Structures are given as C-alpha cells and as structure tokens.
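Two complexes come next, and they have one chain in common, chain A, joined by chain B in the first and chain C in the second.
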Partner chain A sequence: MSEYAIGVFTNIGLISFIALSAYLLLIAGEMSFGQQGFFGVGAYVAGVATAMYGIPLPVAALLAMAAGAAAAFLVGLPTLRLRGLYFAMATLAAAEMLRIVFELIHFQREVEGEPVGPDGTQGFRGIRWVFEAGIEPQDFLAIVWASLALALAMFVIVERSRLGATLRMLGEDPELARSLGIQVERFKLGIAAAAGALAGLGGALYAHHNTYIEPRNFDIMLGVHSLAYALIGGLGTVFGPLLGVLIDIGLLEGSRVFQGYRMIVFGGLVAVLLVFRPRGLLDERFVHRLRHRMFRQT
Partner chain B sequence: MFFDLIQNTLDGLAMGSSYALLAVGFTLIFGVLRRVNLSYGPAIMFGGYCATWVHLNFQAGLLALAIITIAGAVLAGAYVERLCFAPHRQGSAIAAMVASFALWMQFEEAVTLVMPSHVYDFPAMYDGPPFEFGSLTLRMEALVMLACAVAISYGLHRVLSGSRFGLAVRAVIDSPVAAQLAGIDVPRVLLQVFLLASSIGGLAGYLIVSTHTQITPMLGMWSTLKGLLAMMIGGLGSLPGAVAGGLVLGVLEAHSQWFLGPQSRDLLAFLLLFGLLAVRPYGLWRASSAEAEA
Partner chain C sequence: MALLELKGVSRHFGGVRAVDGLDLAVEAGQIFGLIGPNGSGKSTTVNLITGLFALTSGSIAFDGRDFGALPTHLRLGRGVARSFQNIRLFGQLTVWQNLWVAQNSPADHAKRGFLSRWLGGQGDVREEISQLLEFSGLAHKQDELAANLAFGEQRRLELARALATRPKLVLLDEPAAGMNNEEIGLLRDRILKMRAQGITVLLVEHVMELVMDVTDRIAVLNFGQKIAEGTPSEIQADAAVRKAYLGGETA
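So, the complex of A and B:
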C-alpha cells in the first residue's frame, strides 16, 4: 500500500468513530450536533497523557474514553429531556463551549527540555508517542481498524440483543418504551455516555495519528459531517456510517478525481440522496429485506 | 467607566440589530416549516459574494449592490427550498437539516472557486464620521440596521396578521392538512415564506458586509450561528422574540468582550444558550408548547 493510501484508510477509520458515535444517538432518536466536542476531549486527554506524562497509548486511550463518556454524561444530564432541535442546539452549544475551552487552555510542561502541552489557539504539538514507540504507519492503520472492528462487533452484538431492540424502540416511540417500564432518561444517559466514549477513543487515535491538534479541528463542521455520514450511509445497520465515511473520504477525497469540486459533488450527492432515501442507503427496510433474503437461502 | 458601559451597550445594540435581522428570517422559516435551515447563512454569503463580484467587475451603486445581495440570497434560498425542504415536507426534519448542510458545503466551495482570496473589500454604506453625543459615539450604519430590524419585524407582523397571504401562512402553521382542504396551495405558501425569509436574510447580509466593509466565506457560518443563537434565546418561531433575542445577544457579547476578551465572549454566548435550554427550554419569551415537538 502506498503511503497515501495508508493515510486515507487511517482517516476513514478515525472519522468512522465519530460517525458511529452520532449513529448511536440517532438510532436512539436523538440528533446530536456536539459529538465533535467529545472527540476533542478524547484527543486532548490522550495527548496530555502520552506527550506530557509518558503514559502508554493504550492506557491513554482508556482515559480518553472515560473522559469522553464523563463529558457526554454531564452534557446529557440537563439536556436529554429536551427533544429534537432543542437537544441538537444544546449539544452544539456544549461542543462549542468545549472548543473555546481548548482555546483557553495553556497547560505546558517541560519534557526533555522543551515545553509540551496544549497552548491555546496555537494548538498542541508533539504528540509523538506512536513515532517514539517505533510503530509504522501501516501498523497504526491496523491498530485503528482493529479498534474499530472491536467497536463494530460490540454494536452487532448489542443490536441483536434485547438491548438493541430497546434502543430502536426508544428512537421510534419513547412513550411506548416508557409504558413498557423502561426508564427512558436513565437509558438515554447511558447511551449518551457510550457515544461519548466512542468519540473519545476516536479522538485519542486521531491526536496520535496527526501528532498535532488544535481547537478548530473540533468545530461544528466535524460534528455536522459525522451526522451526515451516519445519515447518508444509512440508519439500518452499523455499517451505514462506515459507508458514509467511505463515500466521502474514500471515494471523493481519496480518488482525487473531483479535486477542487469535492464539496460541490458531495453536497449535491447528499441532498439528492436524502430526497430518495431519507434514512440513508442502508436504511432499515433495506437491511430487513437483505436479512430476509439471506435467511431464506440458508 | 460609566461611559464605557453605556458605549458598550450602544455597540452591543448595534451588533445586536444585525443578529435580530438574521433571527427574524430564521424564525420565519422555523415558525412555518418547523425545520432548521442550516444553509440560511451560506445563502446570505452567496448573495454577498454576487454583489462583491459585480462591484469588482462593474461600476455599481450602493442600491444596486443591495438589490444584488438580496437577489442572490433569494436565488440561493429557492435552490435550498426546492432541494432540501420541499421533498421533506412531510418527512424527516433531520434529513432536511442535513440536506441543507450539504448545500452549505456547495455554496462555500462555489464562492471560493470563483473568488479564491480570503477577504474581499466591500463598499461602505456611509463614509461620514459617527454621531457623537458628548464622549459617546454611534455609527450611522448601526442606526440603519436597528431601524431595519424594527421596521421589518413590525411589517412582517402586519403582513402575517392582516393580509390574505398572512392568513394563508397562519392557516398552514395551524394545520397544513386543513389549509390544503380549504384550498390553500400549501407548497406554494411554503416556498413564498422561504423566499421572503431569504430576502430578509439578504438585506441583513448587505447591511452586515457594508458595515464591516469586507466579506469572507466565514460569513455563512457566522450568520447561521448568530441567527440561530438569537432565535433560540428569543424563543423559536416568535418575531418579537427574535428581535429581543438578537439585541440581548449583542449587548451581552459587547460587555463580555470588553471585560473578558473575545474568546470568553463566545464562551458566554454559548453558555447562555446552553443554560437557557437546560432551565427554560422554550426561550425567554415562550411561544407555544406545540413548538417543543420540533
């Protein structure tokens, strides 16, 4: 694989985490504009852990997940009772607050004679753990995709379980769920925290892939993109968000055919696609039919 | 110190009237369609770039530039409505919102393809010195903007409460199905509302860029965010709420910038929005509880 292809596939894997995070909330009936904030929390926490305190990346990634989950839990606590647009706006406000906090943080420490750490709008340089541990780009690609595969496997298991059915019922009809004795608020808080952990893990890997992060990496553009990926890929299966990322980053950016016009092509494609398939390419009906067909053949 | 406070409040009201105008257009779309148009700001930016292009290539007067800005915004708004809102009229609000975001990407790339510089100059509406009252100053543009915000929201209120078109709009708000049965062409009313809101946005855009005397692609996101913030603070779908929300936001920003700096200013604006949503979800001026079901 060429260096360029490795870069593209790593990016696809990294962005898939935040797309999955948005997807998890979407199937539970909540539209979040703020998952980029938790992605950023993960990136900063993991970066501080490895670059400033010499903590190995696996531990730092766990810390990032915990931090992402905690942040999402705190944001969810006062906002999850809001519906629809109100929740979307509250999460957007929370993520923008987090981004501005990243701009305000100046927290540096001498490491081997040089100051290392988040430096406000100047960003956070020198997150070099991957390089120092001697991990080659293709090995890091494998790490990213192995983590992603683990997350996908968990999704598949959950979706086949009772928990998955509850999740979709919450999205379809929260009143029905409530009347069946499900504690909707508590359940949704758990989902929000899980989505935050997922975004945090993605952020941790993202920071270590780029070695440099800055607050505006985590602006509203990333959040709305992740929503768009989940929605064009499809809400029927966990592979939908992945397909969305693949179409945009893989096909349009990676192929370089549409260089200079990528956003025009992608934007038009998304808008037209949503007219015909408002719940994405791999929507529930498609997935259901596919499953039905496979089931009949075996 | 005391004069600083008054001066800040004046500056805040000036800024806030541009937010108010943006929010009036935003809230009109939301109030009628129950959909959020993320491309609202980018359509305004598109209009502004059309006028900038004309300004760079031809000699055009201020009035012509204003008209071109509005026309560009309306044209872009029509494209957004046809592609993102008309097809999802009975369908998913999320799909409509994401589709409008997709077109935002298009507008932004289209203007940077044709006009690649980061910043373009835009002719000022008024060259003279600001008004002075003792040591206080107030820019002419601010007065024009405030007058426009008040006049337009009042005019809109009159149109909505007093004309046949307004009656149709209110019927559609109450119940699209009943309006259709009563012989109202609902899709047409929705398109008209959208175009009306876009033209208000275009006017706001012209006033804003001619006050700043420059335009950048950031205008799109800026207008959407400020309009949305002011609308949420004022309560969704409420015209006086939109004006008040814009002014509150402007004054709050001016004071917090003075005391705490630009980053804290933005932090505070989002904190206000977050806090309001957590404590008083339906805005300072609560419209109706039905709107909670957005």
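So, the complex of A and C:
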C-alpha cells in the first residue's frame, strides 16, 4: 500500500469515529452539531497524557474516552431538555465554547528540555508517542481500524438488542416510548455520554496520527461533516455513516478526481439526498428489505 | 373497591376546562364505556390516566394505590396500557419488534440483570409474542415494518401491543375509528376475549353499536363533565344524553 493510500485509509478510520458518534445520537432522534467538541476534548486529553506525562497511548485513549463521555454528559444535562433545532443550536454553541477553551489553554511543561503542551491558538505540537514507540504508519492504520472494528461490533450487538430497539423508539416517538416504560431523559443522557466517548476515542487517535493539533481542527465544519456522513450513508445501519465517510474522504478527497470541487460536489450530494432519500442511502427500509431477503435465502 | 378510581379529576388548558371535576369508578373485570360528543374530554381523560398530561387537580387511584402522581414510565409497570386514537406505532420497527419492546415493564426488569435486560436474547418472550400475533391475526406479517401495514392491521397491532405489556386495565381510545362493519365485529370479539382473560377495559368510542353491545357500564361526558352514568339501556333512555348528542330541547 502506498504511503498516500495509508494516509487516506487512516483518515477514513479516524473520521468514522466522529461520524458514528453523530449517528448514535441521530438514531435516538437528536441532531447534534457539537460532536467535534468532544473529539477535540479527546485529542487534547490524550495528547497531554502521552506527550507531557509519558502515559502510554492505550491508557491515554481510555482517559480520552472518559473525558469525552464526561464532557458530553455535562453538555447533555442542560441541552437534552431542548428539542430539534434548539438542541442543534445549543450543542453547536457548546462545541464552540470548548474550542475557545482550547484557544485559551496555555499549559506547558518541560519535557527533555523543551516546552510541550497546548499553547492556545499556537496549537499543541509534539504528540509523538506513536513515532517514539516505533509504530509504522501501516501499523497505526491497523490500530485505528481494529479500534473501529471493535466499535462497529458493539454497535452490531446493540442494534440487535432491546437497547437498539429502544434507541429507535426514542428517535421515532419519545412520548410513546415513555408510555411504554422508558425513562427518556436518562436514556438520552446515557446515549450522549456514549457518543462523547466514541468521539473522544476518535480524537485521541487523530491527535496521535497528526502529531499536531490546534483549536481550528475542531470547528463547526467537522461537526457538519460528521452529521452529513450519517445522513448520506444512511440511518438504517451502523455501516451507513461508514459509507458516508468512504464516499467523501475515499471518493471525493482521496481519489483527487474532484480536486478543488470537492466541497461543491459534497454539498450537492447532501442536498440531493436530503430531498430524495432523507434518511440516507442505507435507510431503515432498505436495510429491512436486505435483511429480509438474506433471511429468506438461508 | 374499584380497580380504577378518579376523584374530582380536572385538567385545564389555559382557560379551557377539558376535564372538570370528573369522578369515575371502574370495577375489575368490567368493560366500561366512556362516550360523549367531540371535544367532551374523553381522550384527555385517557391521557391523564396514562400520565401523558399532568393533573390540574383531583386524584387517580389504581389498584388501591395513588396513581396520579406516578411518573409516566412507571404507570405501565403497574398494569395500565392503552391504544391511541391516532395510531402510534414505531414504524421503523417490525411488527414483532413493536410487541417485543412493549414487554419492558419494571416487573420484567427486576428479574434480570442490566446486561441480560438490554443486550440479552429474545428467546424467553417468543412464545408470548407468537400468541399475541395469533390473537390479532398478524402472524403472517410479523417481519413487516409497522409503517407498511394497512390501517386495520395497524389498529390490531396497537391492541396487541397494549396486551403485550400484560395489563390489568386497557384503555382503548376509539379503536373502531375508520373500521368497516366486519372489522368492528372482529374487534368486538377481541374485546370480549380480553375480558374473558380477566382484563378490565375502558372503551372510549363513537361507534354506538359497539359501545352498547359490549359494555357493562357507561359514563357520558360533555364539556369535560360527567352528565350521566349507568347501564347501556339506562344511558340510551337518558334525556340529558340525548340532548348532548342531538342538541335542541330536552325530549
């Protein structure tokens, strides 16, 4: 595999985490424009852990997940009381607040004679754990995809379970779900925290892939994209958001065919799909038909 | 003692008194009819009992315990289930799943740990769900998405879902709306079967043939207040009821 291809596939894997994070909330009926904030929290927490305190990446990734979950829980407490557009705006505001916090943090420490750590708008350089541990790019690609596979496997288990059905109940008619015995608010907080953890994990890996992060990485465009991936790919299965990422990063960016026009093609694709297939390519009906057909044949 | 008892129940929306000082007592094993012209407060009463609306004043007791202050999600576990006037199903779930998720009461949960409750298999409920599918004539549609069902089938699924919660009391909010005579006949049989299984039924309905045919007792609402209560024949003879329905002078 060429270096370029490794880079593209690593990116697809990394961005898939935040797409899955947005997807998890979408199937539960909440459109969050703020998952990039938790992606950023994960990136900063993991970066600080490995670069400043020499904590190994696996532990740092767990810390990043915990921090992402905690941040999402705290943001969810007030915002999940809101509905629809108001929730979307509140999550966007929360993520922007987090981004400004990243801009204000100057927290550095001398490591081997050099100051290391987040330096406000100057960013955070020297997150070199992967390099120092002697992990080659293709090995890191494997690490990213193994983590992603684990996350996908958990999604597949959940989607077949009562928990998965409950997520879709909340997405379709929370009031009806409540009258069927579901504690709607508690459930949504739990979902928000899980989505935060997923974004946090993605952020941790992202920081260690790039070795340099800055507040701008976690701006609104990342949030819009993560939502768009789930909406293009489809809300019927966890492979929907993955398909969305593949189409955008793999096809539009990676193939270089649409160089310079990528955002125009991407925007057009979103607009067309929202009209003709509002719940994405792999929507619930399509997935149901597919399952039915496979089930019949066996 | 009555299974369901409403005392002085009121619900006001701004200045509108949708339900106003309503007393109601439904005995266990009864099929109790709740009728009245459009806007008389029938659906609001059902929503108050199931907790979709909060009480403005008054009290509701179910099975001898206070019910009116209980959070909505706990009411199902006590044994009260309902169907909706405007059908409400989870359209993106299959028929089977719609019944499966209804078996979600705290009583079920107490028996199982967190993991088996939320991530465990479906084995132990299959038998019960098959029976419900048989009962409602939907066995051949079990893998269909609920959104793809015909209107009458959706109504049957709503009824089956209410039963899936293993209720003591089922509130049916206009279950015959939009049905033809044959379907109403089948609905009648199902309601009677429910009673035979020991389930108490509160039936809100406009189709008078059905109400007069199956109920043991009827209460009539008008402008949020109870204007009459009695057996079907008493209600049919009641002057105030005739006036509410037909308008004009008292006969």
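Here is the rule we use: the second predicted complex is superposed on the first by the 298 of 298 C-alpha atoms of A that agree within 3 Å, B and C clash if a C-alpha of one lies under 4 Å from a C-alpha of the other, contacts with A are read in each partner's own complex, and residues count from 1 in each chain.
Just so we're on the same page, a contact is a pair of C-beta atoms (placed from the backbone, for glycine too) under 8 Å apart; a residue touches a chain by one contact, two chains touch by 3 or more.
On a predicted model such as this, the values are computed, not experimentally measured, just so you know.
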Touched partner set for A:166, first chain B, second chain C, both or neither: second
Which of chain B and chain C A:79 touches, first, second, both or neither: first
If touched residues of chain A are counted for chain B and for chain C, the larger one: B
Contacts of A:180 with chain B and chain C, given as first, second, both or neither: second
Contacts of A:122 with chain B and chain C, given as first, second, both or neither: neither
Chain B versus chain C as contact partner of A:270, first or second or both or neither: first
First, second, both or neither for A:220, with chain B first and chain C second: first
Contact residues of chain A, present in both the chain B and the chain C interface: none
Contacting residues of chain A [partner chain B, same complex]: 26, 31, 78-79, 82-86, 88-90, 93-94, 96-97, 100-101, 103-104, 220, 224, 227-228, 231-232, 260-264, 266-272, 274-275, 278-279
Residues of chain B touching chain A in the complex: 36, 38, 83-84, 87-88, 91-99, 101-106, 108-110, 113, 221, 225, 228, 232, 236, 263-264, 266-267, 270-271, 273-274, 277-278, 281, 292-294
Parts of chain A lying in touch with chain C, wherever the complex brings them together: 157-158, 161-163, 165-166, 168-169, 171-173, 175-176, 178-184, 284-285, 288, 292, 295
For the chain C and chain A complex, residues of the former touching the latter: 50-52, 72-77, 82, 84, 88, 90-94, 97, 100-102, 104-106, 117-120, 143, 145, 165
